[in-house]
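Structure provided below as structure tokens; questions to follow.
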Amino acid sequence: MLNVAVIGAGRIGRVHARSVLAHPGTRLALVADASPVAAREVAESAGTRWTDQVDDVFADDQVDAVVVASPTPFHVDHIVAGVASGKAVLTEKPVDLDLRRVDACLEQIRGSEHRVMVGFNRRFDAGIQEIRQRVLAGDVGEVEQVVVTSRDPSPPSPEYIASSGGIFRDMTIHDLDMVRFLVGEVATVQATGHQLDPVTGDHHGAVLVLTARSGALATIVNSRHNASGYDQRVEVVGPRGALSQANHRPTAVSYSSAEFSDRQRPWVNFFLERYAQAYAAELDAFVRAVRTGEAPSPGIADGRAALLLADCAVRSAATGRAVAVE
Amino acid sequence: MLNVAVIGAGRIGRVHARSVLAHPGTRLALVADASPVAAREVAESAGTRWTDQVDDVFADDQVDAVVVASPTPFHVDHIVAGVASGKAVLTEKPVDLDLRRVDACLEQIRGSEHRVMVGFNRRFDAGIQEIRQRVLAGDVGEVEQVVVTSRDPSPPSPEYIASSGGIFRDMTIHDLDMVRFLVGEVATVQATGHQLDPVTGDHHGAVLVLTARSGALATIVNSRHNASGYDQRVEVVGPRGALSQANHRPTAVSYSSAEFSDRQRPWVNFFLERYAQAYAAELDAFVRAVRTGEAPSPGIADGRAALLLADCAVRSAATGRAVAVE
Amino acid sequence: MLNVAVIGAGRIGRVHARSVLAHPGTRLALVADASPVAAREVAESAGTRWTDQVDDVFADDQVDAVVVASPTPFHVDHIVAGVASGKAVLTEKPVDLDLRRVDACLEQIRGSEHRVMVGFNRRFDAGIQEIRQRVLAGDVGEVEQVVVTSRDPSPPSPEYIASSGGIFRDMTIHDLDMVRFLVGEVATVQATGHQLDPVTGDHHGAVLVLTARSGALATIVNSRHNASGYDQRVEVVGPRGALSQANHRPTAVSYSSAEFSDRQRPWVNFFLERYAQAYAAELDAFVRAVRTGEAPSPGIADGRAALLLADCAVRSAATGRAVAVE
Amino acid sequence: MLNVAVIGAGRIGRVHARSVLAHPGTRLALVADASPVAAREVAESAGTRWTDQVDDVFADDQVDAVVVASPTPFHVDHIVAGVASGKAVLTEKPVDLDLRRVDACLEQIRGSEHRVMVGFNRRFDAGIQEIRQRVLAGDVGEVEQVVVTSRDPSPPSPEYIASSGGIFRDMTIHDLDMVRFLVGEVATVQATGHQLDPVTGDHHGAVLVLTARSGALATIVNSRHNASGYDQRVEVVGPRGALSQANHRPTAVSYSSAEFSDRQRPWVNFFLERYAQAYAAELDAFVRAVRTGEAPSPGIADGRAALLLADCAVRSAATGRAVAVE
């Protein structure tokens, strides 16, 4: 039984707390949040302890592993402190919005990288796992083209966007990781933004074209809003065939009438519903890695790599030129 | 080049006239209809001759083959006269609504059955052809269950229904032929009607359960109306798998919005649109049979067999008992 | 917090035990099974108590409610004892295979019917709930036709079938309840079986046609085996439109190659996977009913009604006649 | 009745000849091809005249309109000669591979532009027409993103590619026209090629990102090969919803077995099958324009505009920079 503390009792922290409760191999040992109200609420509904002092987590001998679900600016501190106190760490993405801070973090945890996992939850989606395995099995041959469509149902608040690092570091970063997951390292990034929001100075939509070192060409289509829900599709094409993942709907019911046929409910609304299974599978992969002592995947270097691609996208969108990755 | 006369210049006669015009191996030699207005209209738009005396067709040495698209009560006379005058005959279904007249017809054309084809157009639908061929190829194994769903977009007029022979002889007869086409001869028929129309005394909906001699169980679900268009589906299940044919839509466009996803236009409206390809393929099969001298399929015995099943359905619906076929 | 005991530590008892564990308003208080090994295994993995004496459940003051997941012949005894000891009861279906025993049970619990719920899990499937609500909202108009397709992936053992009461009482009973759930009371039942198993004397396939008192016509297509998995579809048609529920697949991934397009993985294999959400929702409905004191639905009278229809189906299949219900 | 001559008796010329034969308002008056064998074959099967002297077409008083289906280098000559001889012209795309020659052509036919239509057949596809009309009707709101997926089943011969002008001028040009058809004029083009063929020096795959003057962002994904057939999809997204066109299949039959569900046949193989309806609708639009005297659409200026975008794509792919259009 792995004793797990969750740092952060906000929306995503609660998702992780529930995953820990439901996992047969973990115990929710402690919930920490600077807000005692939030920490207590989550802990009490789970019948466990809470603290509003995050350092309590690292000092607690009963805690084996930490889930870092604090606000992004605290991620690096909590990762480093967790590793320093001998605990395994599962951190929410992004590691940080500043590549130099990520590099400093990597420096500080050198030798313990295998104790840290980054929560790119989509890698654990059953459909993406199926696509990956079938790509590795050769079902499409050598991958030639990848198209990732990723549109959120509606944009976050201007305040959130202002501190998000912009669409490429906040939203596209998941898709950049997906491209790396499916075709490996990226050689060049070309990004085009549109729908510039005058308030935040950030694009609400973008298209990225990435050339992989393998020769594959990946396209990412992003939007911060989509009328019919959370649009999450992936298509992988090679000389032998194509794999594609469609959107999920709440039920398999369709409705036909005099005006139409096969009308279905909108796609599931957002990531908590769409990737509920993935969060549980992510925790399970983390628990297995801790048990076996193997490095969990994706690791902190994967977090860095995705952020680097996002930085390249920022530069490309500003200049209209393809940017070579380092 | 096969010289073809079309008897009947109504809706279905015009379909056949167009098929004859479009077929590279046929020439539309003559159009006959008791109404000179109708006959002339069809003939002139096709640049061919017309007559309002049907007997002219049988006396015409330039006519090699006849398509019988006259009203049902005239089918037998026109089949018999066509065969007697040495012409090949493609007749619309049903051969007749009275099994005794069909038997009399068979008696009169004895020895020339191979010169007559019955227009069960659905057998020539590309999807049904694919299902049949894959069933014969063993894709599902020995067929165990067949489900035919057949719903018209809207009912014909009460006048039409009054002379139609009722839902089983008029509408279900296509589905009965489909069951025979897919699983062979039928041993028992059980029929249940509902939505009795007080004006016509006919059911607007029905379900039939047929046991085939092979042991397969076939179900037919019928309705004279369907809000979203012409509902034409077939499912064939065996121990190794299942084949199913979905409905056709005018385009492959779907529309998603805040209220729904993947809404599509209604299914194609009715048989002329849905089975346009099938009418052309039916004529082609007839032309090939005439050329080779082989008996066309389905033949007049198939028309009789489907009518016999319809008669059994009428009796079963009236008594609530399964009826053994002869 | 509702303290729940689960009687029966077999496959379905374990499903219920997990639902009780996961439900925020329930506590798994006790696990009972005549096999101490099974009872202990389930209880220990859940951190709760166990007994191999079922009577302990009824004597236990800490138990508020009982889930009856014992073998079918014990259901009535456990329902009656549960009610007599003041506990709310959620019982697996069927109440019993013998209508007289069900009637005796109803007699014994008279006045406490509102304390007993019958586990027709499919009623709680999110898709079926959606269809029901939309039917009640008038989306299809007055229901005219219902088609329930229900095929298991593979048959149970001959031993199981021998004690199952036959396909109609064991398997079709779910579909009979579904018809009642969607169109209300049934007036006549016509059943046709096929694929008679010489070992068990039971049919492996069947089609039922039911006329509802409302005039609707319902068709049930059953098979004990289906190559591509658990085939669970429902179609409801009325004058204004049609609602249909498609099968579920493990992921939304499809694969295209030179030989085909849009190939998908088989449907989810069987009821534990397909209706996982429904078991949780069923428990939730039970908990809410116990809390509010309202009668849970479906109640034991619904269990009786479905069994009565199954009995009618047995008689119809034997005689080839439609059977009037009561 | 419009008397039409077809110049070019190759693959696409034969398609046009068949369309002219089938159209109720046109007569195939003459077939011209430098190869007398080809010209005669097409003409004789259609019962019409032929010539191996293309100038005969322009001198023929019985010819009202000309379909130019000659090899690309002859297009401009035949357009100019057709217009000069007073005939309406429907020309295959591209007008020419050299923008200067297109400009010279425009100069020579000045004042008669309304007599020339360019055969961007996809504009006449029923699905694209539906999308266009619904976009104009406001179904998606102001268009924000367009994604055009266009993959051929297999590449043409190296010889063909060598004279094709390259993937952008030969293949992408259709998709560039589609973008203009759906979102209007394009402001910038960014193109990335991959799968460079060492023999031809041409890319076998490419992705283009175009910003429209409207602010919309359009993405084109191209490949010269696709295992499961001709991949032709369009997606149009706006704030109110999304319209998308799926691929076509030969039938609506699907097959499920123990290994998979809903496997379907590959998509229709190539443009002659996929756009058969579009070629007929294109001719019909041309005939109507000739009759009414209105300028047909798309006109030769549309042909020029698409070629200009292709030229921009060539430059962008070579430099890695977004190219402003003019």
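The letters A, B, C and D name the chains in turn, as written, and every chain counts its residues from 1.
Basically, contacts are C-beta pairs under 8 Å (C-beta built on N, C-alpha and C of every residue); 3 or more make two chains touch, one makes a residue touch a chain.
Please read these numbers as outputs of a predicted model, since none were measured by experiment.
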Subunit A and subunit B share contacts with C, D
Which chain lies the greatest distance away from subunit A when centres are computed from Cα atoms alone?
-> B
Inter-centroid spacing, subunit D versus subunit C (mean Cα positions, whole Å) | 57
Separation of subunit B from subunit D, taking each centre as the mean of its C-alpha atoms, in whole Å | 39
Identify all positions of subunit B at which a residue touches two or more other chains, and write them in rising order.
-> 227-228, 240-242, 247, 254, 256-258, 265
What topology does the chain touch graph have (line, ring, star, complete, other)?
-> complete
Where on subunit D is subunit A touching in the complex?
-> 140, 144-145, 147, 149, 151, 188, 190, 192, 194-195, 205-207, 209, 211, 215-217, 219, 221, 223, 225-228, 237-242, 320-322
Could you please specify the touching residues of subunit D with respect to subunit B in the complex?
-> 22, 24, 45, 126-127, 130-131, 134, 139, 240-248, 250-258, 265
Sort out for me which residues of subunit B touch subunit A in the complex.
-> 227-229, 247, 249, 254, 256-267
